[in-house]
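Both complexes shown next keep chain A, but they swap its partner, so chain B is in the first and chain C is in the second.
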Partner chain A sequence: MNAFETVAPTDGLSRRRSWLVPALILLLVFAALPALLAGFDRGYFYQIANLALIFVLLSASMHLVTGVAGLLHLGHAAFYGVGAYTAALLTSKLGLGFTVTLPLSGLVAALVAFLVALPTMRLVSIYFAVATLAIGQMLYLVMLNWVDFTKGPNGIIVSKGFELFGVSLSGRLAAYYTVAAVVTLSVVAIGRLSHSYYGNALRSIREDDQCADAMGVSTVRLKMEAFTLSAFFAGVAGSLWAHMTGYISPGDFKFSESILILAMVVVGGLGSLPGAVIGALLLILLPEGLRALGDFRNIMVGLVMFLSILLLPKGLLGEVSALRLVRRQLGAAWRNTGPGTGKGEGIGWR
Partner chain B sequence: MTHLLEIRNVSRRFGGVQAVGDVTAHVDEGELVGLIGPNGAGKTTLFNLISGFTPLSGGSVAFAGRTISGLKPNQVARLGISRTFQNLRVFPNMSVFDNVSVGAVGALPQGAFGALFGGFHKGGRNRSAEISRRSWEALEAVGLTHVAAELAANLPYGQRKYLEIARALAMRPRFLILDEPAAGLNDTETRDLAAFIKRLHGQGLTIMLVEHDMTLVMGICQRILVLASGRKIADGAPDAIRSDAAVLEAYLGVDE
Partner chain C sequence: MKFRLLTLTTLAAAGIATGTAGSAFAADTVKLGYQLPLTGDTAQYGQDFRKAAEIALTEFNAAGKPFKVEIVFEDSRSDAKEGTNIARKFVDDKEIVGVLGDFTSGVSMAAAQVYKDAGMPQLSQTASHPDYTKISKYQFRNIATQAQEGPYNAKWMAAKGFKNVAVIAEQTDWGQSVVGGFSDAVKANGGTVAFSEFFNRGLKDYRSLISKIERAKPDAIYTGFFYEDGAQFLKQLQQLGIKTPVYSTSAAYSPKLIELAGGAAEGVHLTSNFLPTDPSPNVQHFVEEWKKRSDGAVPGQFPAQAYDAVRIMLAAVERAQPSPTREKVRDALAQTRDFPGVTGKTTFSADREAEKDLVKVEVKGGAFVPVAE
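Let's look at the complex of A and B:
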């Protein structure tokens, strides 16, 4: 029975030399780049490298929910914030170290996502986007205004750097390696999720969720999972951020950060993990290179997103046109799917 | 012996419109049944009622001895009822193979855990291999293996029709519902499709199809149900249907 060979489900039909690119990337991240950083030995460069890696993880986690499952998520930064605050509070109040806060940050962010997803997951398209926007704002306001617990706008000082089971990793190079290792592992995990039959089931929801339903895909459950998993990885990124900078405040997790992450995914191309990674690098490194422009740097994000939607409808490597996805979602909000197909029809429930 | 599919006094109202009213019908294992009727007769609604897309206003549907009315479409699908859509619905931004794999993974779910760690244990690997095998078999059945890596959106219309059927077949259904499979096909393509459906039926699959093309329905179906204004007006062999007074009246109208 050799007629049906097993193939990689999503990318092409041949897996020849599939090890080459990952090997080169690993070499770059774990050998060439650290060598370069050590050569320059400037804290600023380490900072940029770590920041870029953290945003690679944020972008990759958003790729899972927006690029693959097609849910327009406008509150991602809030889950990043939940992760960061979990790490900061566990450290400052209970004196726990990174080894413990890393997984807990992910789990708490995932738990919060799961709870808010319960009522919102049945919302259709644009209503879901608005709900995530509201959730993001609510979590942000909690961080800002619950002064007793989160210290509000003063932020929290995270006194402990990176460590692994008590072994300190807070030196510059060690910290870089820690961030790089966690981000790489997480991105590999996200890659496995999105390039699998499970990922294909998520994609089918993005393409046509009713039809996916008819194919036996439990759409509501899978949307929940994608949303929760992406929040888990955002939480992990939050823990990295908290221990890296040593200080967090609500301003790091505002709506504009969610839009920045969304822009990364859109510029890289919806549905493409390499695209999400490249988008993150582009939108972190480009503004840093343009520091001379001062506040005009912030316009860059909007400009890059605008131009990429205009000139590269599918982003750099994407599967779906961002504009078409949004337009379809807007359309679905008031599209008549047949007279009286269900209760509450036309107000965004399914 | 109980019937594979039993539709008992099923009705569905949309506001003031009775789309399907008190329809009782059945399909036996191994049958190839046609469902015809003038436009607006409620054929697609009946399909939607069976597959769980539209909730029933009254009556019940049972499949293989189990009541399925009230289940969600994906639950109905996993029990072995697979369908295609009237207005062709493939997943345009996915490859042909990936499209079909959704059918296979729908019937044989791979969870997030399986995606992450399935490669590390035998059960997970077997599951992936089985999904892949079913997908290839379905593609082979419709003759689309040569375009497996192509994006579904790039396929010509006729091939997309077969892709949709392949995706339904990848679920390994017990009962296949085809909603106007010949719509938009020319005569040659329709003849090929008829031969294909007959071949599927010959392999033991129970099929029900809605079709406007009478030569197709009369040519291949063993039994035909006729709906008009949401009611069943006839149920019988093609020859009997052809000369049935009520059917002629529904299609041609009567002089007053």
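Let's look at the complex of A and C:
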């Protein structure tokens, strides 16, 4: 709806706001927050800040596929896992450090995504969603059952923390700055991608892929690119997680994590990058903040999610309603496809 | 309005976070942390652990010691993210001198990375990963490992004349160690492993696995499962009319196994180090206390391990008096010798593994009955 407005702000106010808001956010992430963290000097707060940032990146990367391109993706955690496993294996088997594993994690996750995308990207609507579900499960089962290579359920100890060309960055503040820098750069990159003509081409797939196709937009290629790019950033997040915790196992990347990331994108608002960021912050900080409620905290988190969908169907800042998207995706499976109706024949493929 | 709602929620969350942070404490109170899954897929275990810990703690504090102990329970949902968050939180609290938990090895290992750097003693009642205690000198566990239980069961089955055995286990780090520890011992005793395979936890249909086992024609089946999966497996084995004897580990030792599997559990052999029917006073006392708090239900193996783990930790805190520190509690834990628990006597070896005596048990007439052979 307002996809085009976001690209070309016209009035003076928007133009001034276009640099003011990013500047404030940068100030917050790189000055105010670290000062606050250093003031408290509690490992717990650093931990939550880092974890929240990693999920901001995961949520932002899924935003590209699900929010902007409108493809329901149910296997995102698997690419997060591929990145984490790449980092862990490179560290434990070859002794490589974070400087090398960070880009490689992204590239390997992107490569895997590209390969699995080849046969699946012509699928549309709910069929695509089911395919991503299957991809996620397949990759999870590979991590779990290929014991010789991934050590299976035993997981891998990642003995090296963050570093840059051999300089250790594993101190509390240094680790925070490392995570913050990687996440900020990635989110800016995703922001540039989604708020551009390229992003609008992806939005055209979301709004009406057949129409986009007729206008000369190469929908299959765009879908593949979005899917692969999003896997790249998920892989980067995986590398951050592996080096931050020092131990990973397949349980960290199972289906429920994919759903958690999807929930972040939906609560924040489909199609909005700030929404994806806020959704991630909300769903990581809320369960921690509510620890005092004991066994009831998950109910509260569920209630917040339920109310946000009920009262804000577009999420906090969304462009499109999640319900509308799901209805359309599911609806496609039941559309009248009989011969002679002239529409929707062979809807599973395109 | 959207923004105001968001700000309010964030503020509320921040308020709660800081509110719980700094509460002053009397000097004669020692604090311990317990991280465990109180919600989520494995909540049934965590809830039991909390109950067991509360029994142990109430007794300890009622015993008229010159100091009191408080345990802070935190819910990890068996999620490594939450587990490491809790670990940081416990480490930040300078009054906490020792930590119990977590339930799964995965979360215990992730949290252990934090405790290792902070020098916080960690005692898990169930973490069975072979590398868990190797992480640092601060990791202890109160569970017989499969390196101990596997050979014990292999010897038992060999003595019964079962030379050719099938092994199945759940696909977890623990299941891996079940198959590893048992298969090596079988081969060392001159037996053969006819078939071995892993299944994913929570599997509903074991029929294809069972027919694969039967195709291999084993003398007996050795199984690594917990009671939920175990009950499913045994019921389907009975439905298919298979009479091959089944042996299992102490992890399946729970009254719920018989409750869920009914007659299908009849004749199953397994090992244990906790028998609720044991007449010794400390066991009977624990069973009575447990029944009072659980509508008359009898405790299984895991709650007993948790009860002992908490008491071992409390005894270490007592030995570390006056003014216990994390380092002193660690050293006191490492000195645990012949601790008289409900799961038998426990001694920590030099590599912080619990050495325990095992008991042979058979299901007869709907109950676990100890057997000599």
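Keep this in mind: the second predicted complex is superposed on the first by the 310 of 350 C-alpha atoms of A that agree within 3 Å, B and C clash if a C-alpha of one lies under 4 Å from a C-alpha of the other, contacts with A are read in each partner's own complex, and residues count from 1 in each chain.
Operating definition for what follows: a contact is a pair of C-beta atoms (placed from the backbone, for glycine too) under 8 Å apart; a residue touches a chain by one contact, two chains touch by 3 or more.
Not measured: the values here are computed from a predicted model.
Student: With the two structures laid over each other on chain A, which partner does A:Gly271 touch: chain B (first), chain C (second), both, or neither?
Tutor: The first partner, chain B, only.
Student: Check whether A:Ser196 is in contact with chain B, with chain C, with both or with neither, and answer first, second, both or neither.
Tutor: First partner only.
Student: Looking at A:Glu207, would you say it contacts chain B, chain C, both, or neither? Reply first, second, both or neither.
Tutor: first
Student: Just to be sure I read the superposition right, which of the two partners does A:Gly251 touch: chain B = first, chain C = second, or both, or neither?
Tutor: A:Gly251: touches chain C, not chain B.
Student: One more residue to check, A:Glu225. First (chain B), second (chain C), both or neither?
Tutor: Once the two structures are laid over each other on A, A:Glu225 reaches chain B alone.
Student: Let me test your reading of the model: by the given contact rule, A:Met215 touches which partner, first (chain B), second (chain C), both or neither?
Tutor: So A:Met215 only meets chain B here.
Student: What is the contact status of A:Gly39 with respect to chain B (first) and chain C (second): first, second, both, or neither?
Tutor: Neither partner.
Student: Quick check: in the complex, which residue numbers of chain A touch chain B?
Tutor: Touch residues, chain A against chain B: 3-4, 6-7, 9-10, 12-13, 189, 192-193, 196-201, 203-204, 206-208, 210-219, 225, 229, 271, 319-320, 338-342.
Student: How about chain A: which of its residues touch chain C in the complex?
Tutor: Where chain A meets chain C, its residues are 42-44, 46-48, 51, 144-145, 147, 152-155, 157, 245-249, 251-252, 278, 282, 285-295, 297-298, 304, 312, 316-317.
Student: For the complex, give me every residue of chain C touching chain A.
Tutor: 2, 6, 9-10, 12-14, 16-17, 19-21, 38-40, 74-75, 77-82, 84-85, 88-89, 91-92, 104, 106, 109-110, 112-114, 118, 129-131, 135, 171-173, 175-176, 198, 200
Student: Show which residues of chain B lie in contact with chain A when the two form their complex.
Tutor: Per the touch definition, chain B meets chain A at residues 13-15, 17, 51, 53-55, 72-74, 77-78, 82-83, 85, 89, 91-95, 97-98, 101-107, 109-112, 114-116, 118-119, 128-129, 131-133, 136-137, 140, 148-149, 167-168, 171.
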